[in-house]
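Input: a single structure, listed below in structure tokens.
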Amino acid sequence: MKDLNIGLIGYGFMGRAHSNAYRKVNQFFKLGYRPVMKAACARDGAQITEFADNWGWESVETDWRKLIARPDIDAIDICSPNVTHHDIAIEAAKAGKMVLCEKPLAMNAAEGRAMVDAIEKAGVANMVWFNYRRVPAIALAKQIMDEGRIGRVFHYRAKYLQDWTISAKVPQGGATLWRLDIDVAGSGVTGDLLAHSIDTAIWLNGPVEAVTAMTETFIKEREVQGQPGTLKPVGIDDACAFLVRFRNGSIGTFESTRYARGRKNQNTFEVNGENGSVCFDLEDAHRLQYFDHGDVSHLHGWRDLLVTDSDHPYMGHWWVPGCVIGYEHTFIHAVADFLTGLETGVAVQPDFRCALQTQLICDSVLESARSGQWVKVPEA
Amino acid sequence: MKDLNIGLIGYGFMGRAHSNAYRKVNQFFKLGYRPVMKAACARDGAQITEFADNWGWESVETDWRKLIARPDIDAIDICSPNVTHHDIAIEAAKAGKMVLCEKPLAMNAAEGRAMVDAIEKAGVANMVWFNYRRVPAIALAKQIMDEGRIGRVFHYRAKYLQDWTISAKVPQGGATLWRLDIDVAGSGVTGDLLAHSIDTAIWLNGPVEAVTAMTETFIKEREVQGQPGTLKPVGIDDACAFLVRFRNGSIGTFESTRYARGRKNQNTFEVNGENGSVCFDLEDAHRLQYFDHGDVSHLHGWRDLLVTDSDHPYMGHWWVPGCVIGYEHTFIHAVADFLTGLETGVAVQPDFRCALQTQLICDSVLESARSGQWVKVPEA
Amino acid sequence: MKDLNIGLIGYGFMGRAHSNAYRKVNQFFKLGYRPVMKAACARDGAQITEFADNWGWESVETDWRKLIARPDIDAIDICSPNVTHHDIAIEAAKAGKMVLCEKPLAMNAAEGRAMVDAIEKAGVANMVWFNYRRVPAIALAKQIMDEGRIGRVFHYRAKYLQDWTISAKVPQGGATLWRLDIDVAGSGVTGDLLAHSIDTAIWLNGPVEAVTAMTETFIKEREVQGQPGTLKPVGIDDACAFLVRFRNGSIGTFESTRYARGRKNQNTFEVNGENGSVCFDLEDAHRLQYFDHGDVSHLHGWRDLLVTDSDHPYMGHWWVPGCVIGYEHTFIHAVADFLTGLETGVAVQPDFRCALQTQLICDSVLESARSGQWVKVPEA
Amino acid sequence: MKDLNIGLIGYGFMGRAHSNAYRKVNQFFKLGYRPVMKAACARDGAQITEFADNWGWESVETDWRKLIARPDIDAIDICSPNVTHHDIAIEAAKAGKMVLCEKPLAMNAAEGRAMVDAIEKAGVANMVWFNYRRVPAIALAKQIMDEGRIGRVFHYRAKYLQDWTISAKVPQGGATLWRLDIDVAGSGVTGDLLAHSIDTAIWLNGPVEAVTAMTETFIKEREVQGQPGTLKPVGIDDACAFLVRFRNGSIGTFESTRYARGRKNQNTFEVNGENGSVCFDLEDAHRLQYFDHGDVSHLHGWRDLLVTDSDHPYMGHWWVPGCVIGYEHTFIHAVADFLTGLETGVAVQPDFRCALQTQLICDSVLESARSGQWVKVPEA
């Protein structure tokens, strides 16, 4: 088994999720590679040291350029805020490091394109952490569609609803709320949540031709975190909805918000095909709804698939039928798939180019929301 | 189309449900008979007159013996409290009238047996209103089992939960609360609710061999309705649970109560067979859950059948797929089935003898609850 | 109790539903008026006679102008295809008859405006049968919002999904499939299904400012019903989706199709407010989901309201808690509300003017779908 | 932070689950102790070495007596089959080791009582791994009941349904199917599944007074695993159902089987109290249903609690609201609670004595199933 030395940048929510994945993957998957938790990096030395101690990172850095420069690092894992992705990814690629980058790929498509260029020029292995492709039920939806079970697709509809920013008292910025700060996040729900929905959609249903969109910012200014009394206009989109024409002739609706009272992490999609349909809700991530028009007529019905059997995607690696896994496991699956890609030479998806396509759709959506016009989506 | 002249006894909840059924059945079912609402009967002349006016009964009686004696009455429909069933049914049979009797058949099996004797001696058409057999989803469960889809049965489990008697302030007796008065009802949840569960069970899964049971009366005395300050011991069972061995080798559990906070009319059953299962909940009466072990392995799942298609039992008579029917329709179906039975000569089920079997199980349950012993159920 | 003599035009699905409503309303509602089923009208004399016999209409007509001219008719009920609404309604208004018209109001807003003018000039009582306002659970949603329980609204989302036209073999036109013929229906899912969604939305959430929309016709030509081999281009919209800005600052998404495999009559909406949310699905019409942010923090959760209690809208008129009603009851409620409006002098809603507002939104949606532009909705 | 040196016995399903828990607990919980994975033990040297390598156990043993004798071991964790629990636990206690034992405690209550005596005489810390107490939703049910929200309990009902032994071709015995071998397991579903249900029940609802039970073995003989052609009578109970009287006056029903087609790990319970109810299903382990009779009357409804908020039991240690955890986390919680018990001096529950109470109920159930009589449950 070969070692793969990881250098992690960032120690927030994603830093924890990735660290957990590196620690667990080899106990559950038979792989040719073993990730070694070599170094964790962040500007705040005390914080990153505490983090590294807790998770078992062997060393720390406070300057990401130094981390990239270290010869004992094989792969750079970018978990820091969106605004940092571009520079780190390009520098890492130039240094010949593999790059694993959190989503969304970049602040915008222009940045993303530069990153793809650098990565592909360097020829390094790369992945963007759209972890929801690794939810077993979503992977099963993909399998069902690939098996031809639902046939020609007519409709795709996706929602990603949360409710944690309804209060006007929630501030923006800082270490934990940078997702609300346009200068650090690049966009609001479009990059944070809809990017997930879009990545899943193009994986399942193929390319998007054109979009028309609407965004809204319900709360116009918020206090800056850590600066009591300092109000700053809110630049992000609190909510976004758009209509889509896919290349395969199907049509779609997408919506995301952080103002849907009662919805905590309701990432849903439904695909309606000529012969069947699939329907998913992340709040019940262990289930997939499947309708098969081929069933006997008086026994037609949505099947509630409990996706915990050993012949379901990824599940053979875990416990026994009926025993669920959790949110964090999607990241373990992503690491397993990345390492398998290294071993087999078949690059893992979504890579940077694929993530750029999602970024281009996001940018088109935001452009349409500004112009009120349909926007044709460029190719990555 | 032939007329069938009905004489109805009782004007309570069931009086309304039956009247509605007689009024509607011919608009939705093509039948050889037409029920004519000839006379309604109750002791209180003012009440029954108002009721008859509202529902379109052509005449009223205040003495059920007179009603039975009327030559223009073909069938007696008994909707009055349980304590009256025995005398009315026997007298009606002696007079050569058809008899339709609300459930439970009688106060106890001894009464029931006398009623069956009288009815069969008279050779009159008869039916007991176990209306839930006419819920389309339950009829579909029957069809699925008859089609051999679930195979050898291992388990049957039934519940019938309500919550309307939790308050100690609910009185007993009188016109509306006689179900709580042992002298009028004969038993509590056993006759009122479990009789339904048992009728469905023996229809779906065949005869019961033996039972062991437990009953409980949580509130020991209640005021008599209409007599403020007069307390009377509660004689009925507030709750009842029992275990069952069926003749086919399967085993079952049954439970009923009026003390299940939050359950309004939760009449459920689940049958597990070698190759499949069915599961039903009356609070979602338009749905049936069906599991088919014959489905492709990675697509196993409970199917949520929306029982509103024209090829589902009874539903072709109503609206269009996706449009539900309600509680009252089960009574309309019962009338349609009864009239069809008259036309075809194939007696409708459950008849008095079948209902006696249910009564015998109820009696065995109550006997077991008293003795703490398993009780072998006699044959009807 | 006063008689209200009804003249019904049309004997299809809606003709049945209305007839049933007239027959039942007085048994369940105490009203000052009694609808008298005076005459039913359709061009085909044999058909309408059979229909009238079945439902108890006292007489028949084969020319709607004659029906309107009859002095013994107080109210004209229009259940014939959309293309007939305009002429009948205007003629009936001119004759001083009350008018009850099936939805959508008209083929388009121009027709609708002429109808409103005629009706208001005549000063006759009028109603458009948007029956879903009378689903108890939807009426409860309205009550919850009127009670101020969810506060400022951020989001409204609606879907109306069916799957009955997926097969290319389904023909268009004729008595039963005129909804697929643009010349008779005026539009496809927009007028047939989205009109319902829009009516509910403006009732719950107020006026719509502007829309951007997309339509699709998946199957481009279909055989004409009754003319084997004769293909005709399909002019209707098979599917339609649109984005909305409401006057109150909230935003919305709407979608409808007849190509959502597995969805039979899935008319849904969800409203997210600052303090709570409501969510409804017509396929479980007896339930309403309600989220109350005011609940104790660790006990937050969507409440599954079983809308069958006597203190729920309309339900006190029916059976007992836990006993559901069906699709047809919404029409009975509509009649009851119309008659109550006559009695109290407070006009029932939605009237023609209100339905015109819905028609204007439908027209704006179709216009936007053609132009690809946002369209500002005119006022009725 | 103090080290706690663990010696693990067994490497099956539970060996994996416990190993994972020891590896992860300190990253997510701030604790005074750190479990050190000192040694893993099993008879098969090759197997245990591979297992230890995979999970990071520092050393291996092939004789559990040697493991217990090692001075560098603080605690013995028993994950081997039921038949071994008695001897190992007593020997470990005698050696002054802490003991963590998988459930059920023993083959029968006699063994269990000897184990409790030894453990208590030795005065060592001890725990039995009834992991489901550590499902956040079940812990929340406990909290709701402890807060007095549901009031006097009337009903408790529990089911534990699986379907993996329906095929007559499933053999018994050996490393993976010892649960089907009476000589190794002691009982069938009663000890394996109902022990869980009972532990939860007495935790939530207090002591059980008496039971009456029924068991069934549907398949009478099975091949011995690894010995093709060798049939052996099946000694275990395939299914078991029983009725209960609790000391607090409430009554209960319990059922378990491995023959419920379509149920994979459906461990459910419902508690009905005077003022509210709770309801749980392990197949949706992240949810708890709660009914509060104190809600406004027209807004009564079962609340669907998504148990992922930071103020829910255990969940503050994990990710963010809306992100679920899985089956394995219950074991991590158990370790965290055990270590916290060491630190605070408040012994963790369930300890051996508590588990003996569950064993006594299991024994009473099996005795009643044999005798057909109600059995009074002895005190632990």
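Order as written gives the chain letters A, B, C and D; numbering starts at 1 within each chain.
FYI, contacts are C-beta pairs under 8 Å (C-beta built on N, C-alpha and C of every residue); 3 or more make two chains touch, one makes a residue touch a chain.
This structure is a prediction, so every number in the text was calculated from the model and none was measured.
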Chain whose mean Cα position lies farthest from chain C: D
Higher-contact pair (C-beta pairs counted), A-D versus C-D: A-D
Inter-centroid spacing, chain D versus chain C (mean Cα positions, whole Å): 55
Chain A and chain D, separation of their C-alpha mean positions in angstrom: 36
For chain C, residues contacting two or more additional chains: 300, 302, 306, 309
Chain D residues within the chain B interface of the complex: 150, 154-155, 157, 159, 161, 163, 166, 212-214, 216, 218, 239, 241-243, 245, 249, 251, 253, 255, 257, 259-263, 270, 272-277, 291, 293, 300, 302, 372-374
Complex contact set, residues of chain D against chain A: 13, 16-17, 19-20, 23-24, 26-27, 54-55, 162, 164, 264-266, 282-286, 306, 308-309, 318-329
List of chain B residues in touch with chain A within their complex: 140, 143-144, 290, 292, 295, 297-306, 309, 311-312
